[in-house]
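In what comes next, chain A is part of two complexes: it sits with chain B in the first one and with chain C in the second one.
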Partner chain A sequence: MHIGKGEIPPLAPRMHSALGRNDIFVAATTPGRGTLKHTGRERWLSAGLLAPSFALVALFVYGFIAWSGFISLTAWRGMLPDYTFVGLKQYGDLFANARFQRDLLNTGVFTLAFLVGNLFLGLLLAVLLDRRLRGETFFRNLFLFPMAVSFVVTGTIWVWIFNPHSGLNVLFTALGFNTANWKWIIDPHMALYCVVMAAVWQMAGFTMAQYLAGLRGIADDVREAARIDGANEAQIFRHILLPQLWPVTVGAIVILGHISLKIFDLVFVMTGGGPARATDVPGIYMFEATFRGDLYARGAAIGIVMLLMVAVLIVPYLIYSRRMDRS
Partner chain B sequence: MTARRAVARLALYLLLVVFALFFIMPIYVMLVTSLKTLAEAQNSSMWALPRVLSFEAYANAGARLGRGVLNSLLLTIPATLISSLVGSVNGYCLSKWKFRGSNLLFTIVLFGMFIPYQSVLIPLVHFLQQIGLYNTIAGLILVHVVYGVPITTLIFRNYYATVPDELIEAGRIDGAGLLSTYWYVFLPISLPSFVVVAIWQFTNIWNEFLFAVTLTNNPGTQPVTVALQNLGGSMIAQWNTQMAGALIASLPTLLVYIILGRYFIGGLMAGSVKG
Partner chain C sequence: MRRILFISLVVLVAALFVACTQQPTQPQSASPQSAQATANELTIFSWWTAGGEADGLAELIKLFEAQNPGVKVVNAAVAGGAGTNAKAVLKTRMLGGDPPGTFQVHGGAELIEQWVKSKYMAPITSLFDELGLRDKFPKQLLDLVTYNGQIYAVPSNIHRGNVLWYNKAIFDKQHLTPPKTIDDLLVVCKKLKAAGVTPLSLGSREKWPVTHLFEDLLLAAGGADFYRDLFAGKIAWTDNRVKLALSTLQSLMPYFNDDHAALTWDQATGLVQQGKAAMNVMGDWAKGYFTANHAKPNVDFGAVPTPGTVGFFVVVTDTFGLPAKAPNPKATLAFLKVVASVEGQVNFNLKKGSIPARIDVPTGQFDEIARATMADFAANVLVPSCAHGSAVIESFVTALNDQLSVFIAGGNADETAKALEAAARDAGIRH
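Then we have the complex of A and B:
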């Protein structure tokens, strides 16, 4: 797949122009230098222009979170709202619930496997592509294109690849591995990893792009100096490149981790949470409790637990980005 | 030495080709299966090329997904345009017309980009029902514009930050204020960012599933992702139709990626993500 006309310039310079220098930290560019002096009237106009959309965000994000939090403290089940206050009962029930315990375990395993798979594959692809070879653009675009496809489409295709009667078993048998009769997506021990595989296929390009930008950001003379000092390529990678890529790794862990903590579409399409809850996650449970079972208070409680899990990852990241922004 | 280098290069390319095959594999499966007849689209011949090219799967899938594609277009195009405009004005104000607390305010808004939407979903459904926008495309547009504010604002803010402050000062000497400087100076140079943001929003809104499946409840308003999911549920063994459907549902975003891929990466790097 060739993208656009002619060669695309290397990653780093483009991001430099489009998005400022520090690409991974969301708020880490430094808008203005604080030298602009504005009159009071202009500041009010600026705030006034921001007000409508920020007010909507305040309502849709913070207002609705508060509202969900409130619902999670009630006894609401059934079609009609029931605001009987029951305190933290929903949360107690939830954490004592075998399905939810399984969901948390699955999310942990999924997140770990998803992170390891993405970071490993993403770093490997970036290192391979950093060799300034012919066809770099072609390979880069190829590794990235799954990002343009929805989880629903990805799931639709991969579920057939992992179908034990078709897909990989047929392929492996044709290649001469006659014993290829794994159960894949219908095996409770393998299903979760099948979903991880599809998710890594979709997101590895993102991780690669982050690492490649990081590698391109390291000046060539740093490597050259190490080479002159007698370091081999492996040592340069281990002692010079890898430490410098640490911020990229942290950023990627935060971004990928929060995707995996709230994963829903892919699991919904591929397994619906089965077999025997082997791939069930809080996102699926929340959806089923709320929209299939009318257990609104429980659904709200699951949503709030998911929010807290994501917040543990994201809030320190935002605070850190803000600090970087100021300095 | 040069022989060793040549071998190393060859190994490098071989490795890349292996990974390339892994990334192409699902697309290969989707394409060849979608071009087979139902009789040929069987499990055992999954990896084989079609013996006869058939478009019956596309006819079937097209009939089932047509309305969903239309709904998705009616949703995605206006939502993308509105979000881009809102993001541009917000980013401009936040980078060039700061006021006390504006940075903190922005960080608070930015958090909205990461929340699991499950944590707002019940009130959101209720709210849309109250204002009469539940199960409407307009309701979905509103939702995507609002939850798109953080990322669109972020991308424009970072872009405008690279524009020298002197342009504002120069405009001021000529008597231009906040609005006219935006209109005559910043808007005309914003095209690259508009493309980045528009592609990002288009892709995400087109591919979105959770809002689509919870805020609509019939085929008249359901976006294509929901239609595809329903197709998978109702035609479980008709793999050729499912794969044709998958291709139809991903064609617009794939085309955008193929034509404007270089800008796609900009949104990617802004720290935002699918999900």
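Then we have the complex of A and C:
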């Protein structure tokens, strides 16, 4: 793949192709360097244009994160602000709290099941669609469509589906199964997985689209070369395609992981955290502590713990992608 | 790139500096304008955005505008979440120093603990004395809006919390009469279950309906004085009467619909209306659900006090008060006068489907169930609802909701009582 300098690459999706990546990268970025001169006026203009959004983000994102961090170190409960500094007491209380311990466990299980479910299903669908079936566009849109629905709508529908008296059990009874003991969402041992299934239903299409783009980005000649060398399809998948899909997987884990670590709306609509804390997550506890119980310092502490959990996931990714950009 | 970042930072700092230095002059230039804008305005804040509630509020506004032609009413109702969204918006406005003219708030702890003790409200005792209102409301109701001898709000309407709704067709078919005591209830449940009917319905997806039932069981276990003292922190949550209420709840659990964790309160009430369950404990707002689905009171469904609570009236009351920093106190007081008037109480409650908080209003226009509720309200012992924020500070209610949701899934009464005592200490109601 050779593209002359200054030309715009014809196929943007090809950018990720392993073979031609560097060529295109250079081609796409070099023209700017040589031709555009930054005059003083332009510099002020761009600074002026950047300043409002910079100010808004600084205040409404980082400013409020700092404020929450500060509040989490105070004793504030009730309507009147109380800035008495109590150090890490709120965090100590939280981690000793049976409900919060359960919330952390639930988040861990939820995130793991959600990631595994999404990556597996997304990859499976992408591989099937990559066979260039007839009606591929139809299926691709079909699987992507749930993403357009809000978690609130998804939750309302799936709580009917998982209600043992109105949903799946009606179907399975009609098929001749004895469903008397299939409790789904009202069973404290099953409820969390029911919520995971609803979440996977919603996001698997997104994962599929990511993988499909990744698969399409792998040049056919690589597969051809492998076939000529005598590799069968399973070997090609295992040793050629899968390793090249690694960046896609990492990206998907980051995007899906931050959704599941912060999950609130879907759980709130489906179970409200029940039965018996079986699906309770930090987001719900934070909402109840802050907006119902007026325990502002505790709510802020839960928020900061959630932020740190997401940071554990995202910061390594940022470092990784920065290193990739440099090299 | 780095230079651009640096320059934008400089611009930002400059902009902030300009904004900060301008701030002191801002109120001077802005205040005459905003005073003008609010002089003839009254903002009424509530979560009454739909159906009978919105219609009732419109009646109050109509009366107010007829008496105060110069004042423009701004209806600042916030929809959603049974008031949860509105309460969050209200907190932002009050803390930010921008209170509405008046706002809907449940009498009792929600008013006193949240707004009065933190000095966000001004007393309106003189309005009560001027209009001679003190004996027009039950004393136990005024206690819910009184702090340190001063009255802080006008109750606009009353809902009853402790009501057992039952399906008449099922009761007739099984030759049963509505239970009056907890023992009666257990006998009726046993018979219904033997006949293959789900005796009780519950929707515990939102946790409060369990607490709503539990407060009636507390009342049944210990009576009104015990109930008040318990929520006032004078009695420990490890008291035997609390454990009795918990074990009653436990013995009722086998008689509920097994999918209660997946249902909301209205879906649970719906089970009784559709004949899929025989009884449901819910506040008298459930009547609206029955009638909206074309069920007739005392024909298709009946209502009696929750077993064990005959003679008690669990009060859920909406009230309106005067914020300490209200922009236009005169207009607010004029509106509170309308809320307190006989005409205001009747017109509002006819539309909303609740009963007047005043006990001297003509009853002729109200339906049969409302008239029976009004008679009970005047004669019964009144206690504030815990599940609806009147009996105790909200941070304890959220902890109680959480503990009960764990308890009904197979918890232990002693351990739950201990956990509730710890929660009461954490919330500061026990020392």
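Here, the second predicted complex is superposed on the first by the 283 of 327 C-alpha atoms of A that agree within 3 Å, B and C clash if a C-alpha of one lies under 4 Å from a C-alpha of the other, contacts with A are read in each partner's own complex, and residues count from 1 in each chain.
The definition used in the following text is that a contact is a pair of C-beta atoms (placed from the backbone, for glycine too) under 8 Å apart; a residue touches a chain by one contact, two chains touch by 3 or more.
Quick caveat: nothing in here was measured; it's all calculated off a predicted structure.
In the superposition on chain A, A:196 makes contact with neither chain B nor chain C.
Applying the stated contact rule after C-alpha superposition, one finds that A:99 touches chain C and leaves chain B untouched. Once the two complexes are overlaid on the shared chain, A:43 sits against chain B and chain C alike.
Contact with both chain B and chain C is seen for A:163 once the two complexes are overlaid on the shared chain. Look at A:245: by the touch rule set out above, it reaches neither chain B nor chain C.
In the superposition on chain A, A:209 makes contact with chain B only, while chain C stays out of contact range. Using the contact criterion defined above for the overlaid structures, shared-chain residue A:79 touches chain C, although it does not reach chain B.
Touched residues of chain A, counted separately for chain B and chain C, are more numerous for B.
Of the two partner chains, chain C is the only one touched by A:276; chain B is not. When the shared chain is aligned, chain B comes close enough to touch A:148, but chain C does not. Overlap of the chain B and chain C contact sets on chain A: residues 43-44, 46-47, 50, 54, 159, 163, 165, 291.
Residue ranges of chain A in contact with chain B, taken from their complex: 1, 3-4, 8, 11, 14-15, 17-20, 23-27, 29-36, 38, 42-47, 49-50, 53-54, 56-57, 60-61, 63-65, 67-68, 71, 121, 125, 128-129, 131, 133, 135, 139, 141-154, 156-161, 163, 165-167, 170-171, 174, 201-203, 205-206, 209-210, 213, 251, 255-256, 258-259, 261-265, 268-269, 282-283, 286-287, 290-291, 296, 299-300, 302-304, 306-307, 310, 314-315, 318, 321-322, 325. Of all residues in chain A, only 43-44, 46-48, 50-51, 54-55, 58, 77-81, 99, 159, 162-165, 183, 185-186, 188, 191, 271-278, 288-289, 291-295 touch chain C in the complex they form.
Residues of chain C that touch chain A in their complex: 3-4, 7-12, 15-16, 84, 87-88, 91, 94-95, 113-115, 118, 120, 204-207, 258-263, 394-395, 397-399, 401-402, 405-406, 408-411. Contact residues of chain B toward chain A in the complex are 9, 12-13, 15-16, 19-20, 22-27, 29-30, 33, 42-44, 46-47, 86, 89-90, 93-100, 102-103, 105-107, 109-112, 114-124, 127, 143, 146-147, 149-150, 153-155, 157-162, 165, 168-169, 177-179, 192-193, 196, 203, 206-210, 214, 225, 228-229, 232, 239, 242-243, 245-246, 249-250, 253-254, 256-266, 268-275.
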